[in-house]
Each structure stands twice: as structure tokens, then as C-alpha cells.
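Before anything else, here is the set of structures, which you'll find just below.
In the two assemblies presented below, subunit A is common to both, partnered first by subunit B and then by subunit C.
Up next, the complex of A and B:
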């Protein structure tokens, strides 16, 4: 299914990366192109979490219904953040506009819009900073790169802050480590002081707050969905997982992005988790519980403000405490893991009511997670495989030729490279890497991160995903790659569409789907298909061919 | 304001910087002002400005631990940890920072986007591009060497490291220019490198469309100043010789706080000096303060250890649930969904009073 309302690839790929010679970016008015921005946050979703200025609005409206003193609010907010975040202050001051980051952003590569160059995205805010917070800017105005905060400037800032997926690729290349993602995060906080979120983010925030997960599944529905996936597991393997919910006294609490529970192909990853847990339960008496209250590992608050991120992710620790588990296992998710790695303990720690994580099966102490007490499920599984605790048949993934997409957040906000590769290579036999400057720390974004995974900004997403898709295409043509693995729920939602658009021959999978395929149960039925119902190699012709 | 305006504006300012001492000394003979007051003032502005700036940065805390991880995290003993690119402790951070500051590690990663369309379909490629890195290295190290070479003016006797640097610097070029009749002293390789690098940096600013588009007057201006410093320096050394002993007398006096300006130093020297002073005084107010900022950059100078060592946010050190109204508590959640939870067989904390009959299987 090709996304609608997006020009054909032949058309879309006519991209000019050269900004006009005599144009001045400071004087160019923002132009809201359909397909590049999302709908404005609805009043009810803003009000649901007590954020400022709840009202219905649309980015294309003449009047954004801002409070009378919006300028003051914005500038005071800026001042406050300059005083609270050294990152912000420093990054406002030290950019030399060397341009090293310019062509590193996937949105610039895919759109050619100069204001999508990280340096200029940041300059939009920096120009306001100079005007109100530096002497040079106050004195010399535009000559010092300073701009008055007008409504047009606000609109422009908004438009481009919500065209950044906070992927941090630019920060890798900047000689001073300037992280435009950090600027975007703080800039978005400012827009949220005025009630200027997108509804895709704000609705998810409101849902997470109330029901615990971003699509607003109520507890029974959440459980139902998982039960349904258990049915599916049974159909394919003959084994029915027995997940536990909100179980007090369980050893481990499992938290995963809710996308895994309801949306293909994340659901297959979820089936992988369920099968793995069941296997461990049968073999080793593993005791893990799901929670309907902390039913979202993803954190849409992070695309809104630090405070909102803190508020939403608090549920994970609160629930762990209430249930009395020993530690927490985290599912495959991108920004969730940047938050769990770099923020959660600072936000809501120390979780001293939990224990230092130890694998009940291998006895491995997860030394590196002894502070925040959360283990990544891929770490957990890698350790199991390393200790030979799983019976695996990698030939069951022989119909797949794999590559691996490093999601931005685990890559540049954690450094999670080897564990997923180790697991993939243990459960699959055909694996090829994409070119080295598109993977690992240099990985390219899916084009839909940080809350940009909506329907109405599809063109932006297809453009932003171009560099990633291009690398996939390369390995598809060279090695016949037909499946790309990833460890992020937003990827699993965003990449299939991207692939449909640019490289339709390639599909997307989570790592634990592959584990689920390969896992051999003692009492399973004769398995002929993978979790999606696709036949194994050799299984479709039972006509005497040796298997 | 397009790039021409920026370029012309900063060029005009640079020309003013050139004319001020030219007139001030050449015409008005204000030796004391340009030989003594201006240098002291510039150093003072630099020191105070820089200290204030760093204090100002330092005053803003680092609430979160946000290193950009550029290599494998520390996890299992059997997975190779990238201890420099993703440091877990200060040892790694120190090496990472050293590489960043001394070798421009991140800039070394630079590549250039090569975007093509082949049969109407896009092809994204990245080409080798180390020119910027090379120019940056050449520029900064030449500047450093030239700076150190200038110690010969402030010291007596001249320290041996200065002599060694001069030797090495001049070594390669010695005797390359033995043009008969022209007595040119040893050519310092760094003089040439610096001018070449600055020229390149200026040209790429104008030539590369994206860089041109983002450039501000404050990007051209320091380049002009440095070009001015370099050119006047080279002029003085190779062509319009000034009396070095007298320059040394002046510099020495400044250094020892017994300043006096000896007669007979050429105007060109004062122009050179004024360019230097302008640059020094300009640093704290400009992007050139990156020289100090890099050390404070939170994406580079923090270790990625927040999974095993708690990082404390000084302005918010309590979990969300200790603030009123910040979280949706489990109790509120259960209150809203208790019935459906019970119906679905999900354990609850509080059974509703009326329905105690149909108690679902619960806990353990």
C-alpha cells in the first residue's frame, strides 16, 4: 500500500540542495506546505494533562489563538531554560556555522529545504536568543544574526521544530558536539508553553496519562489484544503462552511500547516476546508480569517537554514498586531506551525498592544496569543465547535475508550495537550490513521519529526516510535482502510504509520476531510457517524433497 | 540580508580596524594609546570577558546526562566495549575529549553528500571530504605555533622550546628562496599554512552554497581579522622590516608592567598589533569562544554511565509522584477501570463492596 497524497518517487526525488544565491533566510517567510506538518493539538488533549492554552487550533489558521502575552511567555521560558540547561546555553553560543552538520540531516537530504539543515534549524531559535539575550544582538540586530520574535518567526520556528526527529545524527558530526536534537527538545518545550503541540503527540500524551498507553487501550482491551496474540502463537506453534497481568510478587515487570501490542508488524515481535517468556516459564520457571497500568514503554511526553516525559515514565517505577517486582525488563523500543538510559533514573530514581538485576536463568549480573534496574530484552536474550539456554533453529529464518537498522536513540543515546547483532546472527543465517556510513552511530533515521509518525505529514516522512531507504535498496539489490530488523516500535510502524514507497521488496521485523521463529519448543506442533504464516524454506513442497 | 551584505559589512568593519591604527599612529602619532593602552585593554577585556562567559555557562547546571554515544556501550564482558567513543568513566572521557580537542575527532568524520538521480531514481552517496578537517587542523596548529614563536618577544633569554619550534618551523623552507639580491629571512612554514588555511576557510564559506547561506557577518569578520594579522605579520617579517629589538623592548615592557614605546617602530607594527588586540577583545563576545565551550559540551564531556550511576538534576531531584498532581496514580487508574479490570480477570487492589460474590482468581 503506497502512501497517498505523496508525489511519485520519480517526482519527489527531484531535490535541489543548493539554497538560492541571494536569498536571505532571515527575511524569508515560512510557507506551510501540506504534507510537512501535523494537525494542531486539540483542546481536550491539552487540557487532559493540564498543559497551557487548551483550545482547538490549526497550524494553517491565521490566528493561533495565543495568549495575549505569548511573546513574554516564550522569552521567559527561554530565559528559564538557558539558566537550567547548560546544553542549551552553550549550544546557543558556540556554533561556528562550519556547516559540517548541514548535509547530515535526513530531512535536509530528502527535502533540500535549507532550514532543515541542523545548523539553520538551530539558528532560527538562536536568532531570537541573540536578539533578547546578547548585547551584540541587541545593538546590531540582523547584522549580528538577531531577529525580533514576531508571529511569523514563531510560526517558522514551530514548523521546523516539528520537522526534526531528534535523531542526533548532526551531533555526531559537530566539532563541538552541538546537539540540534537537544535544541529541538527545548524549543518544543517553548512551543508547548503556548499550547502549540501537534495532536498526534498530544493525543498520545493524554492517552498515556489516562490509560497507560498511547492508543488509549483500557485494561481489558489491552489484555484482550495480548490474548489474541496468544491465539495466534498457538495457531502457528501449537503452544499457547500464558502471560500474567498486574501480578503482585512476580519477579520481573515487563514494559514494552504499546505499538507492539496492536499494530503489525510489531505484533509479531510481541508474539516473539510471549513465546520466549513462555519457553522460559516452562523450562526454568520464569516469572514475569505485564502491566496494564504501565502499558507504554514509549514516552510521547519526551516529544513535548522534559517534565511531561518525567510524568509519563514515572508509571514504570511506580508500578514496579506497587507490584513488588525485583527488576524491570524493557522491550524493543528506540526513544524509550534513550530515556531509560539517560533520563529515567535522574527523573524518577533512585529505584532502591528494586534489586540489582540478575538473570534468574543464567545468573548473569547485569552490572551495567544496576542503577536504574532495567534490562533491555535484547541484552537479556543475548545473555540467554550466550549461555546456551535456548534451543534455536536458525534455519527457520532461512527464507529471510536480513539487514539491521540501528534506531537512532539506542544508537546515539546508548550505544546499543552488538547485542542485537549477536541475537540476529544467532537466529538467522543470512545477514548483511548496510554501508558503514548509514549504520551504527552513523545510522539514518526512519524519518518518522519524535512524534512525526502521523498520516498528514507523509511527504515529509517519505523524504526524511530517503537516506535510510536508499541504503536498504543497496543491500536489497546487492545481496537480495528482503527483511530489515529493528529494535524500535516507531520503526516498526514507520518503516513498512517507507519501504512500500521506496523499496517495496523489503519488509520490517523486530528482533524478537526472529527469535520467536527460531525458538524450538519441546511439545510444539510441526511448524511449517513463521509467525506471520509465511512458509519456511522447504516446507511448502512436502513432495519428497529432503528437508 | 544576503551573503553579500554580510560580507561587505564585515569587510568594512575590518577595514576600519585597519585604518584606525594607521591614522592613529601614522598621522596622529598616538604611540602610547596604540602601543600600551590598547594592548592592555584588549587583554583585560579578553580575560574578564572569558571568565564571565565561562562562569555564565558554568552557572547553568547539567540536569541530564546526555553524551552522544558513538560506539558500543559497556555491557557484557564478552562484548567489546568502545571505551573512548562511548566512555563509561572519566578515563574514557578524558581520552575522548583529548581526541576531540587535539585532533578534532568529530570533524574528522565529515563526509560530503553526493546526491544524484539515476534513471529518475535518487541515489544518496557520501564522498570523501577531509578538507575542512585539514584546514581546521592546519589553521589551529599554525596559529598555536605562531603564538608560541611570539614568546621570543616577551622573554629574555629566549626559552629553548621557542628556539626549537622556530628551527622546526623554518627548517623545511630554509634555502628554498635564495633569490639573489633579495635577503629574505627564513620562511616559516606556519605563516604560509595559516594564510592558506584562512583563505580556504573564507573561500569555502563563499563557495559552498549551504555554508554561504548560513553565514553571518560574524563568520566573515574573524577571518578578515586573522587575514589582517597574518598579512601584516608576513609583511613585517619579509618585506617592510621593522626593528625587532625595539619591538621586543616594547613587548617586554608591556609584559613587565613597565611599558614604554621606543621610537622608530614602523606603523605597520601598530596595525598588526591592533588587529591582534581587536581579535583578542572580540573573542569572548563571538563564536570564537568555542575554544572554551568545547570543554563544557555535555554531549562530549560526560560518560555514558547513567544506567549504573545516578546522575542528579540539581533543580529537580524528586520523583514525579512526590509532586502534587503530576502523575496519574494507580489508585486513580483502578478507580476508573476497576469494573472492566475485574471482568477481564485482572487483579485489583480494592474489591468493590457489592460485587464480592464473583471474586475472580487473584494474586499468586
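Up next, the complex of A and C:
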């Protein structure tokens, strides 16, 4: 029902969007609209990890139940971070508001809301910085782009910080190299000093801290689920993988996002891992173990604070040490990857008790992983294929016409472009790229990253994902693409829904699902379907002939 | 000249006004971007509005229902996930009536022609309402489906439920 004070449609559509004289974006109060924000973090999930101000709250409440000295906490937190992170201070100071980033954010492109322009989103925080930390701002206030930190300002900062997926596409276009994602990351840290996170993030953090993974799967259930996926592998291929769990003295520890273990279509990717490991075990005596304790590669702590990210990922290394493995292999994940590569050496110190990763099959040294000792499975598999160590039948993926979505963190964050494409082209024969300004370092976010893949913010996810979906639609119409591959678990969870809204003809797969389809085992049964049970090209006619 | 003939003759002018009025429903900073950026991948919303509104107008004048349905769906699918009340999301249909009145020799047309146009625009508005509703319904379905999929998957894998096998498979 229309609220009482809402104008008639004609009036609404004729609103003059020009701000009145002397009234700027600063004066507009934030308005929380359903579909664009996530539910507030529950007290129990904040308390579970000892973070400040545990209480149940909702973003639409009049009273956010903040501590009395909330302003002091926020500003002290800002001061501490300005001193600690030179980049933060620099990013607060040097923006000249040239607008190069303005139209590069997928949330702005999809929503048309100017406060989703990266420059303006950062300006929400920057205006507070000016007021309290610069002489100009203290003296000239609004004229110098400074403003008081009021409760309304805090609400506005919160609303828009949790509408940024930290994909850093904007930073690619900034002539100064300002990383707006880092501003969001630190801004979110400040909100967490007041107990202001979303429950989608905070519950995952609490679960991961307590049980080892975001969903709270206990060790026995985690093992049962992987066994279930082994059953599924057997049904399709006649081969039952024999995964090892918590094996002390194994050569390699495998850690993947828990989404791969329980949520379609990630589960098919997981079947791909299981089949690959089994193949390598049979052919080359590969010795890899899963852990039911370090059962999460993802890290929602990263969307909370640096400290929380450090606490959660430490368990992977502690488990590697406990088991006495040489190095760690990581599943197809996005933010996990950037964290491990770019933060972990600083967070937890280099894990000297592990060895520089060397593929036991090809002898390849993964020199880039010398510090953190963890290799992405797509790098590992690309190396195997390069050395001709896998027997592959790419025709088994002929029913698929593929494109590849570069996940923001591995692609833009790390320059991880070629390996996934090399693997895909080795196991599939129909591959088409999306337009160049939507892939590789310019890739568009799925619209659900950085802990925004909840259900209650579906409108935000759909409009944020529009630029990505629009490019998919193009290759679907032009080349008949019906499947998009990706190497990130959040992508695998978020993109199927995005596709169903914008391009329902296209589905989502992980790269190792495609590897699992193409992998030829010596003693496999006659395979007629892919890992999802969809018939191979030609298999249906053969079955028809037999009848 | 009949009303339909004039709608065809003045199509580019009417269409331009209609596109401007649709884009005017966004804040000023955004309007500039939606109009200026021509790359269809950098500015999908602007591109969809420009092209699909043209198809919609042509479909409307030529009474091509397929064209009307598909173009209206493309536009409203975008509007349904943006910051609009439902009425504001589809109000651009009503704007067309005003634009036609202002851009044609409105007084010269017969009452029958005017009534026919009025009826056509009303039908278009009702269709827009249906499409908007379908888009919103789709969003709710996606939310429910996402939750159900997760829960069912977990129950099945944990051996807590037994699914009746399909004898045909």
C-alpha cells in the first residue's frame, strides 16, 4: 500500500532533482529502502567473537543502541587508522574529485544513485575526516567540504559502505590510484567498533570462528557431505574418489570455500576437485588431505576488520602446522585469494614451518607462493595440463558454450587472467570472451561481493549485477553462450540468481566442474552425462538407438 | 493528416522527448551520465532505455504486440530494481500522452482518434503494471528459491531426508 505522504505519480516524476541553492548532498537525510540493505548483526554473533556493542538491532530502528560516547569511539578509531595506514591518510587527502571513478561502479551504473559513485561514497567519510582532522575543515566547515559527525551522517555512511562490494573497479580508473575499496574496508572497521555490521557477515564470522566454516558445519557433517559428493561422482563416472581427511604427514593440505561443499553449483566444482585428486592419486600417488577443522577458505572477517580476517585465516595455517604438510592448495575462491596473497604474510608472519610449494607431479616451483605457501588450484591444474599430465576429452563439454567471468579479487586484485582461460580452453571447445571493457582488469563485479550476497538485499544485488549480466546477454545472443565459468565461490552462489533475473538462458559453473567432465579415467564406466546429469552431445541419440 | 500518420512523421521528435522524460526521473548527475556515455557495456541502463524505448514507440505506432511486450519488459526489468515507487517506475507511459499532445496538431484530430490513442496508452499502462508485477514477483521467487535450495541441499547431504527416486530415470 502507498504510504500516506507519498505524492501522486505525476508529481513524483516531475521532481526537480537540482539541489536548491545552499543545499548540497550533505543536507539530505539517509533513507533506508527495503531491498538495498541487509539485516543488522545479532547480539549473539557479535558477542561470539568478542566484538564491541553486542545487542540486537535493525538498520531501520530509530535507535541503533549505540554506546553514549559513540562519536568519540568512531573518531578515535579514525585517528588510529589514519596514523596506522598511510594509504588511508593519503586517500582521504588527495582526491581532487575529478570524477574519473564516478561512472565505473556497477552499483552506480545499475542504480543511478549518485551516492553510489565511488567518489561520493568516499566523500561521505572524507567530509568527516576534514571536519575533525584538517585545519581547513575545522575553520571553514561546509565550505571546505567538511561536516559534523551526527547520527544521520553515521547512518548514511553505514548505508553506502554496505552498498560497496570492494571490487576496486573504480581504483583502476583513478589517476591518483586511490583505492576506494580500502576506504570501504576501513570505513567498515569503524562501523564495527560500534557493533554495526550485517548479520549475513557477522553470523558467518561467528560460525567460522567457532566451527571452522561460514555455515557452521560440524566436522562430521563436513565429512558426510564430501562423502555424499563422492557418491554422486561414482554415479556419473563409476569411480568413487577416496579423499583423505585430517591426515597427518600428508604432503599437501586442501582448503576450499565451504560453499563448494554444500551449495549448488559449487558442489559440482567440488566433485571436479575430488575426481582430479583421485586421478592424480591413482596415476601419480598424489598425497593430499582435506581438513574438517580448517574447512573454510573464504573469510568474512575481511568484511568486518583486518583483525578478524587475521583471526579467521590463522586457522588454515595452524591446521597445516598440526598436520605437518609441506604446503597448501586452495580451492576456487575470490577474496580468500587476495587475502592470502596480499595480507597473510603481514597478518600472521610468513609460515616458515611450510615449504615453498612444488608440484609433486611436474616439479614446477610456484615461486610467487614462496611467502604464503599456498597455491590456487587453477594454477596447479593449468601446470598439470601444460605438462600433459591429464588425459582430457574436451568433447564431453560440447553441450556447453562458455564464457568466463573474471572474479574481481583474483583478476583485478592479482592479475590472475590467463590460467583459468588456459584450463577452460583445454577442457572445452566452445569458448567466447565477453567485450573487452567487461573482462580481465575491467571486469564487472557479480554485485554480491564483500558479504552482500544475502537474500534481503536482492534488489541491490540485481541492479549491481546488471553491467555483468548485460555483457553475458550480449555473448548469449551473439554466440549462443549458455554457461559462464568463474573461479570464486561467491560468484557461484550469486551469479545463478543474477542470471535468472537478467539472462535465464545462461547457467554458472566452476572451472573444475568442466575439468571433472573432461577427465578420462582408465577404469571409468561409459560416461553419458556430465557431473550434473546432463547428457553429452550424441549420448541421447546413442541411447535412442539402443532402445 | 491522421493522428497515426503524424505519430510516424514526428516519431524522432516525440521519441527524443520521451527518452528525455524517462531519463529526467533520475537525479541530475545521473542524467548526464545516462545520456552522455554511448558504450552499451559501460552504460547498460542508458543503452537499454534508448534502444528499447525506440522499439516500444515503433511497436506502439505499428501495433506490433510482440515488439511492445519485449521492449517494455527490458525497460521495466531495470526500473523494478531501482529506487522507484511502483507508480513512478511506470509513469513514463503516461508521459507519452502529454508529449503527443504537445508535439502534434492535437486539436486537429477527431474525437475518435483521440479516444483510440487514449485507449492504447491505457492498455500500455496496464501492460506495464503487469510486467512490473512479474519482475517483482520474480525477485521474491528468487529469494525463496535461494533459501530453499540451500536448506534442501544441506538436509539431503546430511542424510536427514530421503528423496523418492524417479522410476523414469
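Just so it is clear, the second predicted complex is superposed on the first by the 519 of 547 C-alpha atoms of A that agree within 3 Å, B and C clash if a C-alpha of one lies under 4 Å from a C-alpha of the other, contacts with A are read in each partner's own complex, and residues count from 1 in each chain.
One rule holds for everything that comes next: a contact is a pair of C-beta atoms (placed from the backbone, for glycine too) under 8 Å apart; a residue touches a chain by one contact, two chains touch by 3 or more.
As the structure is a prediction and not an experimental result, all values here were calculated from the model.
In the model built by aligning both structures on subunit A, subunit B clashes with subunit C. Within the superposed three-chain model, A:467 lies in touch with subunit B and with subunit C [touch as defined at top]. Of the two partners subunit B and subunit C, more residues of subunit A are touched by B. When the two complexes are overlaid on their common chain A, residue A:85 makes contact with subunit B while staying clear of subunit C.
In the superposed model, A:156 makes contact with neither subunit B nor subunit C. In the overlay built on the shared chain, the residue A:103 is in contact with subunit B and with subunit C. In the superposition on chain A, contact of A:348 is made with subunit B only, not with subunit C. Legend: residue contacts after superposition of the two complexes on their common chain; A:318 is shown touching subunit B, with no touch to subunit C. In the superposition on chain A, contact of A:441 is made with subunit B only, not with subunit C. In the superposition on chain A, A:225 contacts subunit C only, with no contact to subunit B. Looking at the shared chain after the overlay, A:114 reaches both subunit B and subunit C. With the shared chain A as the reference for superposition, subunit C clashes with subunit B in the stretch 115-123, and the other listed options (43-51, 79-87 or 115-123) are free of clashes. Counting contacts by the rule stated earlier, residues 9-10, 13, 17-18, 102-103, 109, 114, 117, 224, 437, 466-467, 470-471 of subunit A appear in both its interface with subunit B and its interface with subunit C.
Considering their complex, residues 9-10, 13-15, 17-19, 21-27, 50, 82-90, 93-100, 102-103, 109, 114, 117, 119-120, 123, 134-136, 142-145, 168, 171-179, 182, 209-212, 218-220, 223-224, 245-249, 292-293, 306, 310-311, 314-315, 317-319, 322, 340-343, 345-350, 364, 366-372, 374, 379, 382-383, 386, 411-419, 422, 437, 441-442, 466-467, 470-471 of subunit A touch subunit B. On subunit B, the positions that touch subunit A within their shared complex are 1-6, 9, 53, 56-66, 68-76, 78-80, 82, 85-86, 88, 100, 104, 106-107, 109-113, 115, 117, 120-124, 126, 132, 136, 208-219, 285, 287, 289-290, 293-294, 296-300, 304, 306-313, 315-316, 319-321, 325-330, 333, 336-337, 340-341, 343-347, 363-364. Of all the residues in subunit A, the ones that touch subunit C in their complex are 2, 6, 8-10, 12-13, 17-18, 33, 35-36, 102-103, 108-114, 117, 215, 221, 224-225, 228-229, 262-264, 267, 435, 437-438, 455-456, 458-459, 462-463, 466-467, 470-471, 474, 497, 500-502. Contacts from subunit C toward subunit A in the complex involve residues 21, 24-31, 33-34, 37, 39-45, 48, 77-78, 81-83, 85, 87-88, 91-92, 94-95, 138-139, 142-143, 145-147, 149-150, 153-154, 156-159.
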